[in-house]
Amino acid sequence: MRWLTAVLLIPLAALLIYVSGDLPDRGDPDAPANLHISPELVALTERDIKIPNLVSAVLADVRGYDTLGETLVIFTAGLAVLLVLMRGPRRADGTRPSANTRSGPSARSRDR
Amino acid sequence: MDVHASAVPAYALAIPVAVALAVAVSGRWPRLRDLWPVAGAAVLLVTVFSMLGRVTEGEVPTATLIEVSLGTSIVLSADAAGMIFALLASMLWLVSSVYSIGYLRALGEASQTRFHTAFSLSIAATIGVALAGNLLTFVLFYELLTLVTYPLVAHRETEEARRAGRKYLAYTLSAGIVLIGGAVWVQALGIDATFTAGGFLGGADLGNATRWGLFALLALGVSVKAAVMPLHSWLPSAMVAPTPVSALLHAVAVVKAGVFGMVRVVAFVFGPALLADMGAWIVLAVASGTTMIVASVLALRHDNLKRRLAYSTIGHLSYIVLGAAVLGPIALTGALLHIVGHGLTKITLFFCAGAIHARTHKENVSEMDGIGWQMPLTMGAFAIASLSMAGIPPFVIFVSKSYLAWGAADAGLGVFMVIYLASGVLSAAYLLPVVLRAFRPARVRPRYGEADLRMVVPLMLTAAGALAWGIEPDLLFGFRELAENVAHAVFPAAGPLVENETAEQVHALERLVAGGIGILTAAGIGAWLLHDRLGGDAVPALGRRAAAPARLLVQAPLEAVFTTAQRATDAVAGRVMALVSRPPEAWGGVAGRPPLGVALAAVLLTFGVVLVIAAVR
Amino acid sequence: MDMGYLAILIPLPLLAMALAVPVVARVRSGAAFPLSLAASVASTAASVLALAAVLEGGPLSYALGGWAPPVGIEYVVDHVAAFVAVVVTSVSTLVIIGTRRWAIREVGDRLGPFYGLVLLLLAGLSGMVVTGDLFNLFVFLEISSLAAYALVFMGGRAGMVAGFRYLMLGTIGGALYLLGVGYLYFATGTLNMADVARILEADSSGRAVAAGAVLIFTGLGIKMALVPLHLWLPDAYTYAPSSVNTLIAPVMTKVGAYAMLRMFLSVFPDGYLRDAVPVADALLVLGLAGIVLGSVAAMVQTDIRRMLAYSSVANLAMIAVGLGIGTPLALVAALLHIMNHAVMKAALFSSAASVRLATGFSAVGDVAGLGRRMPLTMAAFTLGAVSMIGIPPTAGFFSKWYMAQAGVAEGQWLVVVVVLGSSLMTAVYMFRVLERAYLHPQAPVVAGVAGAAPDAPGVPGAAESPADVVWPMMVLAAATVVLGVANVVIVTHVLEPGV
Amino acid sequence: MIDEIAARFPYWATAVLIVIGLYGMIAKRSLVKKLIGMNILQSAIILFFVAGSLREGASVPILFEGAPGARAEDFVNPLPHVLMLTAIVVGVAITGVALAFLVRLREEFGTLDEESLLEQVRR
Amino acid sequence: MTEQHDSIILNFVVRVLLVPFIFVFGLYVLVHGEASPGGGFQAGAIVAAGLVLARLTAGAEHGESRLSTGVLVWLASAGITIYLVTGIVPMLMGASYLDYGVLPLEWFNAVAGHERTNRAMGIFIVEAGIFMGVFSVLVIMYDHLTQRLSDD
Amino acid sequence: MVWEIELALFGLLVLSAVVALSLRDLIAAVAALSVYSFMAAALLAMMGAVDVALTEAALGAGITVVLFIGAISVMHRRSVD
């Protein structure tokens, strides 16, 4: 398994490094990403939003919908944890009715 | 042709569907349930009949149901060829629905509701095939027919029945897919696939590979249901079905859909001119010609009556294929008439076999000695049908066969005329002995007892039909007129068929053929009777000895070839379908769970490969 | 009037209700289902209205936050997006109704989080469908994936392992997609799909764009279970709770496929994915391989759900083939198949769930004789199966028909052979079930056989499932026929203008 | 040569980190290690984005109080930062869920070794 | 991890000095998110870390009693609902979803006494919502991860 | 900003990643992950992404590690790799 992984990964690293040759240089002021949208973001922050932190302005306003999605991701994770780990109320005999709990006697005894 | 918008073809399709629904709903009340198919069949017959007048005058009532695919619609159009098939189907549905009630009740078959529902749906699909106005519609109903007849084939739910069902599916579904492939191709070429007398591909400018490719796909697609050897093997297997189903499969719906499809492919898709140009007809002619002989010879060897009839069907279907393949107007007329003639005759034979089975539980010819004295009406009908199968006047197959034989000769293919005649003799040879055995003087005369009236009346009706339409082919439904209209439309240059000289020649030939066959048959009967008188084994032995060279020369090599071919196709289909029958437990854990690493490695592999290609470019 | 707001109204009810349901359900757990259903219905209504608006007045665009694209995030509802949104929301609404009993049985003590996650899953999917922004797509992709991981994880011991594996692979998929977006962003400077397309139209040379394309397609390939990236799917679909696999099997991977289609249609310039980067060829080859492998694997399965899962692999591969051919007709076929497969798979998984509800079993061998005992369930299964095989006039036939036609038109004969041949293979595995259901005597029910849910009753004489399980299933089954017959309407009015 | 390194090394380093992360996810048998690999992968992508947003001579993306007329060239491109904030949160969410899965798996199977898990499920 | 720690010094240092400081720091990060690095996510994470710290020292049961899962779910939902509603209100006023520019928040400037744009106010509101959501979810996660195996 | 320092930090980052993956003791591995995250945060801050750095420090290095430890503390500490 490991040799296969290595065989696949080393060329992959080489390829990623190779294709990065076409990316803009580190810190290049004329990179497309620095020329196209970002000046407008600075301008509109100053013009419309008027808060100093550009990142906050973009995060919560210009791309606020992404951020809403992001909080929903966190909320999803919370629900997922609840769904997976939540326990129902105890029954009278002390056991818990849970569809997902099917642990046999071996569940905790067999360790590795 | 004169296309007229009309809803009647759509009604014709809707009636059996409605019957199927009514049957399914009223499954709890058997009497009511069994009433629906009979009533529906009557209504259907009237409906189809109501179009007849217009169709004989050259109009084509056409119902465009709905556009279901870009550039093509579901179109039902009752042209003359379709009318022949539709009339036959609706007529025979009426009798067979009565018959199947009697049969199923007599044998106490299970799941009668399912049976009647599927039966009605089969008729609906058949009507759809008959009235299909273009290739897509044809394919659609052709596939549906496969689907709805499958529960009928496997009706008995025994292992044998299920195996037959699987085999049936393997053959017919594959054929359907091949046919779809052809239809897709036509559609992709941008050709309007409306069935046109003389062929809609005729005008298109196609490369040789395209023409042959299309021909291979379309002809192969319909050949399976038409049971052209070596693609026939599903048909004898399907004999495990209840007899009304066999009658339906072999006389009305499935196989006739196949040969009708062949007529469509030859005359309405490619057209005689194109096929003659390609030379593709030779393939069909040779295949069907050999099938006729081989199947008849094989039929001789089967003791099981239904199996013998199955091989007889295979042979007679090839009459029609050959009739279409020789590309002549007279032969085409004969082919269309043979759809009717064979339908009437073969359904009678199956009805008789079913009646015998229902009454006596006998299935083998060798057990049927003297049964004619017990069931005189049934065996009388059987005798009539046997004579018809042999092509003896004045029964219906005589008419179609004289057209076929003369058509072959007219097209300059005398060899096929000989084959037709030889096959007629063989038909006599495998069917008449059944009659003779049945009426063999028995020492103890068995008790008289016919089957249920609901079985006897239909079979007598169809036998009477075989006689009536033999005397007057145009009776009531104008079958001959319709067939000649089709031939005339497909071969516009051929001139009128039934006039003057040609008609004279046809009738002269009829007499000739009739005389020849009559003499041969009479000789055969005489010999048999003589042999019977003499007791002992003289004649069969003599026959065997006489037939030995023929068997050596024709039957053995042909059988060897075809058995091999059939085994091959069976092996392919059977392998695939064996998966179905294999107990699933045997396959447990084939596709296990690879470790996550393997999954991820697969990701990287894909990703890396594409990335490498991308980077290299 | 500008109808753009309909775009945001598609995911919004789902999102809002996803927030409310877990809270409400802590007080009244019975309220979770009706609230979820209401949200789903509202979302369906919004997408139907959006479709109507698109048909009326052309594609809708909606600038979120009032920031005009490409600076802000844009929602774009064109014909294709509206179509897929309608399919996803309506199918899932029906499935939510049909799986209520399963949800109560399987996660009855935690309905709040369960329905919250179901809604978030759907919200994520519908958000992916309507978005016009590459990064926004990633966010919603992660919402739906995260919800799906947790839902799959609820399926007992095997489901847990399947869920974890799904999480790992899905995360890799998401990461690769994000990396690809990064490459595209640094090459073009923008995240708006239309803007990216505009810039790439002018200049799409460079390895960075190519790498971005490949990474994006690999990432989405995992999400849509393209062979050989499908390895998470069979386990996930088999062992997920019935209330979950019935929902995710029809819609989840379909949206991944749709996202790929979106890349073809509105991100990369015409022909770029064919000429500059061999993505289309790769999709074609992998798709063909997937059809064959998926069908063969489905033929040898013992569990119906697993069989259907492999069938999904094959069908998704067919969508990939459509993308790979790439002509308008092929794209139409792919889109039509997205819809058809969603409907068919929903019908099939619903009836498998219904069988399991009534009998406790899901092995192929255990359906023997069910044709009589559960006629409606098996009728739905039969219709779905017939459509899956591709027998006219069911829906499944027509996507294959168009696909084969596109193959012929492009001279891709292998496509034609494989697509048509897959019908036969589908027939083999579907008739294995149908034959047993209708033509075998009823098998003696033995309690404790593998595949039985331990808490399922396994009633030997079980009859048809309750009405609320049956009718959504029947609607889906009937839809396979209706959609088949009506496919030209859909194709000419919705799909052709879209591609 | 040095120029090339100076211009490219963040991309190279992130590529190496991505590969290390993938290696952890693929080759490690322990599910915890797989998760650690996943975290490395996610961080690497974050670094990749931020590295791409660099601008020579620009400052952190915070406008100076009372300095109107700020020029866009003075600030680092804020958009990738925003995206990566989102990506970090997504990463934490996935990690949290995965850890919840691990706890349940451990409870159910008594092990977090992949082979042993698969073996138990296959049975 | 979950047994009661009896060290008084640790308890004092953590619960009286450290945790309140962390809370205050978190709130600072939240409130000043618009002017300096920080915002809802960071603040939420910091405050959650503080609460986790408190629970570590006080024992899970103790912490649970004051901020139960039910409350936390409610808080999380409420926080994100704030965000969602902040988006919907502009929609009802005829603008785009999440278009803070039209929010009716002018009165707040009068109360607060200094001038801010509507958008900045909107940002603050949603950051507060994010804070609530992130903080509660992170605590839910921690609680369940640690309590699952400790109480049976 | 001096790129050599960044380069060195990247080197350390790779090193800590390798360490995190190779340590058998899971708690130690998580600690190494924490180091990795902090180093990443430092790097992010150097590259001008102060917000991201703060978030990475709080969420990536802080909460993630707390969650890891919380989960691992109830599990076995040793891994089989």
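Per-chain residue numbering starts at 1, and chain names A, B, C, D, E and F are given in the order in which the chains are listed.
Note that in this section a contact is a pair of C-beta atoms (placed from the backbone, for glycine too) under 8 Å apart; a residue touches a chain by one contact, two chains touch by 3 or more.
Everything numeric here is computed off the predicted structure, so don't read it as measured data.
Asker: What's the overlap between the neighbours of subunit C and those of subunit F?
Answerer: A, D, E
Asker: What's the minimum number of touch steps needed to get from subunit A to subunit C?
Answerer: Minimum number of steps from subunit A to subunit C: 1.
Asker: What shortest step count links subunit B and subunit C in the network of chain contacts?
Answerer: Between subunit B and subunit C, the shortest chain-hopping route counts 1.
Asker: Which one of the chains is closest to the middle, using the mean of its C-alpha atoms?
Answerer: Per-chain C-alpha centroids ranked by distance to the global centroid put C first.
Asker: With contacts defined as at the top, give the pair, A-F or A-E, that has more of them.
Answerer: Between A-F and A-E, the larger count of C-beta pairs in contact belongs to A-E.
Asker: Distance-wise, how many Å sit between the C-alpha centres of subunit B and subunit E, to the nearest whole number?
Answerer: Chain centroid spacing, subunit B to subunit E, equals 79 Å.
Asker: Roughly how many whole angstrom separate the Cα centroids of subunit B and subunit F?
Answerer: The answer is 77 Å.
Asker: In angstrom, rounded to a whole number, how far apart do the mean CA points of subunit D and subunit E lie?
Answerer: Each chain reduced to its C-alpha mean, subunit D and subunit E end up 24 Å apart.
Asker: By residue number and range, which residues of subunit C touch two or more other chains?
Answerer: Correct list: 15, 19, 22, 64-65, 112, 135, 139, 142, 146, 149-150, 153, 157, 161, 168, 172, 185-186, 191, 207, 210-211.
Asker: Scan subunit F for residues touching two or more other chains and write them down.
Answerer: 3, 50-52, 55, 59, 63, 67, 70-71, 74, 76, 80
Asker: Two or more other chains touching the same residue: where does that happen in subunit D?
Answerer: Expected reply: 6, 9-10, 16, 18, 22-23, 25-27, 34, 51-54, 58, 60-62, 65, 79-81, 83, 85-86, 88-90, 92-94, 96-97, 99-104, 107-109, 112-113, 118, 121.
Asker: Flag every residue of subunit C that touches subunit D in the complex, lowest number first.
Answerer: Contact set of subunit C toward subunit D: 135, 139, 142, 146, 149-150, 153, 157-158, 160-161, 163-164, 167-168, 171-172, 174-175, 178-179, 182, 185-186, 191.
Asker: Which residues of subunit E touch subunit D once you look at their complex with the stated criterion?
Answerer: 35-37, 41, 134, 138, 141, 144-145, 148-149
Asker: Which of the residues in subunit F end up touching subunit A in this complex?
Answerer: Spelled out, the residues of subunit F in touch with subunit A are 3, 51-52, 76, 80.
Asker: Quick one: which bits of subunit D touch subunit A in the complex? Just the residue numbers, please.
Answerer: My answer: residues 6-12, 15-16, 18-19, 22-23, 26-27, 51-58, 61-65, 68, 70-73, 75, 77-83, 85-86, 89-90, 92-94, 96-97, 100-101, 103-104, 107-113, 116.
Asker: Looking at the complex, which residues from subunit C come into contact with subunit B?
Answerer: Residues of subunit C touching subunit B: 161, 165, 168-169, 172-173, 176, 207, 210-211, 213-215, 217-218, 221-222, 228-229, 231-232, 234-235, 276-279, 282, 286, 297, 299-302, 306, 310, 329, 363-365, 386, 389, 391-393, 397-398, 401-402, 404-406, 408-409, 416-417, 420-421, 423-425, 427-429, 431-432, 435, 438-441, 484-488, 491-492.
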